[in-house]
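Every chain is named by a letter (A, B, C and D) in the order it is written, and numbering of its residues begins at 1.
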C-alpha cells in the first residue's frame, strides 16, 4: 500500500482540527476593542495549539516522505495519533476560556503528552515495517526531540497545580525546540537524491 | 473513470465526520477534574465512533486499492455509505449525552446497521462492475466479517431496550472483530505485485 | 494549469458542505423515539440536500474528467458555483426546522436555481476556453437536464407560496431526473479511450 | 520536498475556512422574508470574505504551480499565512453581525493586512529558496498588487473610525483589483511550456 491516501486523510483531519479550534473564538456582542480583551487568552492558547498542529503536520509530512509504504499497523498507529490531536480543540478551549486555571492547563499537557507518545509509536511502527537499516529508520535517527518533549509535558502536568504559568511556559518551550530548524530528514532526503 | 477523486472526496467526508464528532465534547464552565466526569460517557462514545470511522476508512482504503475504476452506480453506492456515516456525530452525541439510555443506544445501532449494509452494497456494486472473477472480487472473498457485523447490530437493537450495556458491548465486540488483523486484501495486493 | 488542484479544492468544499449540514440535526434532550419526530422534516431536507450535493459532485467530477485545463475565468466560475452550494446548509436548516413553511421553501428553491445557473456558467466557461469542437464541448452536448432543472426551480419558487408541498415535490422530481443514469460524458470518455 | 502535500493541506484549510464562515449565518426562527433582513450585512460580509479567500486560493494556486519545491521555512511561512486567514470567520462574523461598526471593521482590516503581509513573506521565502533568477521569481515579478493591497488596508484601519463605509469600500476596492485578470504567472507558465 502506498502512503498517499494515508497522507491525504491525515492532511484532511489536521486541516479540520486546526480550523475548528478557531470556533472557540466566539464572536463578542460588544463592538469596542475592550470586547476582545477577554478573548486574548483564548487567542493565545489558539496560537499555541495552531503551532503544535503545524509542528505535527510538518513532522508527519517529513516522516511519510521518507517512508515507502504502509501496513495495517501503521494505519492504526496513525489514527491513534489523530485521535489525540482531535482533542486539541477541546483542551485549547478549556484552557483558554479559564485563563490558564490549573486543571485545564494540566489536562492540556496530558493530551500533548499522549500525542507525543502516539507519534513515537507511529515512528516505531514504520521502523518495524521497513527495518532498522531502512532509509526511514536512519532518517528518524535517535529523535531526541521526540523523546525530550514527552518528558517536558510529564513535568508540566503536576507543575500546573503549582503554577499554570510555568507549565504553559514549558509547553511554549517544547514547541520552540521544534522550531529550531532540524533538517535531519530533509538532509537525508537530499542525500538520497544525490 | 479513475478511483482517485472518489477516494479524495470520501477521505474528505470521513475526515470531517471523525473531527466534527469531537464538537459534542462541549467545553465545561467549571475548572476542576470533576467537570470532566459528566463528559466521560460522551468521550467513550466518541472513542467508539472514532474507531468505527477508522475501520470504515481502513476498509474503504483497501477496497479501492483493489478496485480499478468507478461507474455512476459505484459513485452513488459510495455516497449512500457516506450518508449513513454522516449520521454518526448525531447518534454518538445522543447516546453519549444520555449515558447509554435505551432508545439512543438502539438508534446508534440502527445507523451502524445501515452503514454496514451500505458497505455490502458498495462491495456488490464494485463486483458487478468488474466481474466475479476480477481481482477485487477475489480480494473481497466471502467477507464474513462484513456479513456478521450487521447481524450483531440487528441483535443489539432490541437488546438495547433490555440492557443498553449488552447492546453497546456488542458494538464494541463488532469493532474488535475488525481489529484482528485480516490481511485478506493486503495479501492479495502483495501477491499481485509478485 | 492542470485541473487537479481545482478538483481537490472543490472536493474539499463539497465534502465540508455535505457534512456541515448534518449539524442542523441538533441532538435532542429527551431520550425516547418521540424526540426524533420533530427532527424528521430536518432529516428529510438533509437527505434531499445531501442528494443534491452528491449530484453536483458527480457532475463536477465528470465535467473535469473531460476538461483538460483551467483558466482564471474557470477558477472564478467554479468558486461562484461553490458559493451558492455553500448556502445549502443554511437554506436546508431553515426549510427543515420550519416544516416546509412557504418562504423558507421558496428561498431553498432560489439557492437551487442560482447553483444551477452557476453550473451552466461553469460549463460555458470551460467550452469558451477549449472551443466548441473540443472533446469536453461534445461530451457536455445540449445538456437538457442542466437547462430544464433551473426552469423547474423557477416554477417552484412562486408555487411555494401556494403549496410548499408541490414546490418541494418539484425539487425532489428535479433531483430524480439526475438519478436516471445519463452516461453521456462517461460514454464519451470510454469512446475516447478506444 | 515536493509541493503537492503543502498544496493539499492548504487546500483543505482554505476549503474549511471558506465553508465555516457560512455558519455565522444562523438559521432564523421566523419564517418570512423579513427574517432574512437582519442577516443581510452578515451575508454581505460573508460574500466579501468568500471572495478574499477565493483570491488567496487563486494566488496560492498560481504561486505553487511556479514553485518547484518547499523547505522548512516555506512550510512555516505558509502556516503563518493560513493562521491569519483562519481568523477570517471570526472577523467576518463580528463585522457582519454589528452592521459595520467601527472597531469590528478596523479589526477586519487588520487581519486582511496581516494576511497580505504573510503572503509577501511567503513569496520572499520561495524566492530566497529558489534564487532571484529562478522561474518563480520572474513569474512573481514586482507584484505591485501584493504591495499595494496592504497599503489600502493600512489606510482603511484608522478610516474605519471616521467612516466604516469608506473603510469597507477600500476592502471591496482591493478585492476588485485582484479580479482584473492579471495573467502574470499564467503567461509565464505558458511561455515555459513553449
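Keep this in mind: a contact is a pair of C-beta atoms (placed from the backbone, for glycine too) under 8 Å apart; a residue touches a chain by one contact, two chains touch by 3 or more.
Note that the coordinates shown come from a computational prediction; the quantities given were computed from them, not determined experimentally.
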{"item": "Type of subunit A:subunit D copy interface by residue overlap (half), same or different", "value": "different"}
{"item": "Per Cα centroids, the chain farthest from subunit C", "value": "A"}
{"item": "Chain centre separation (subunit A, subunit B; CA means) in Å", "value": "26"}
{"item": "Chain centre separation (subunit A, subunit C; CA means) in Å", "value": "37"}
{"item": "Subunit C, residues touching no fewer than two other chains", "value": "8, 12, 15-16, 20, 23"}
{"item": "Residue ranges of subunit C in contact with subunit D within the complex", "value": "1, 5-6, 8-9, 12-13, 15-17, 20, 23-24, 71-73, 75-76, 79, 82-83, 86-87, 89-90, 93-94, 97-98, 101-104, 107"}
{"item": "Subunit A residues touching subunit D - in the complex, by the definition given at the top", "value": "7-8, 11-12, 14-16, 18-20, 22-23, 25, 27-28, 31-33, 35-36, 47, 50, 54, 57-58, 61-62, 65, 179, 181, 183, 186, 189"}
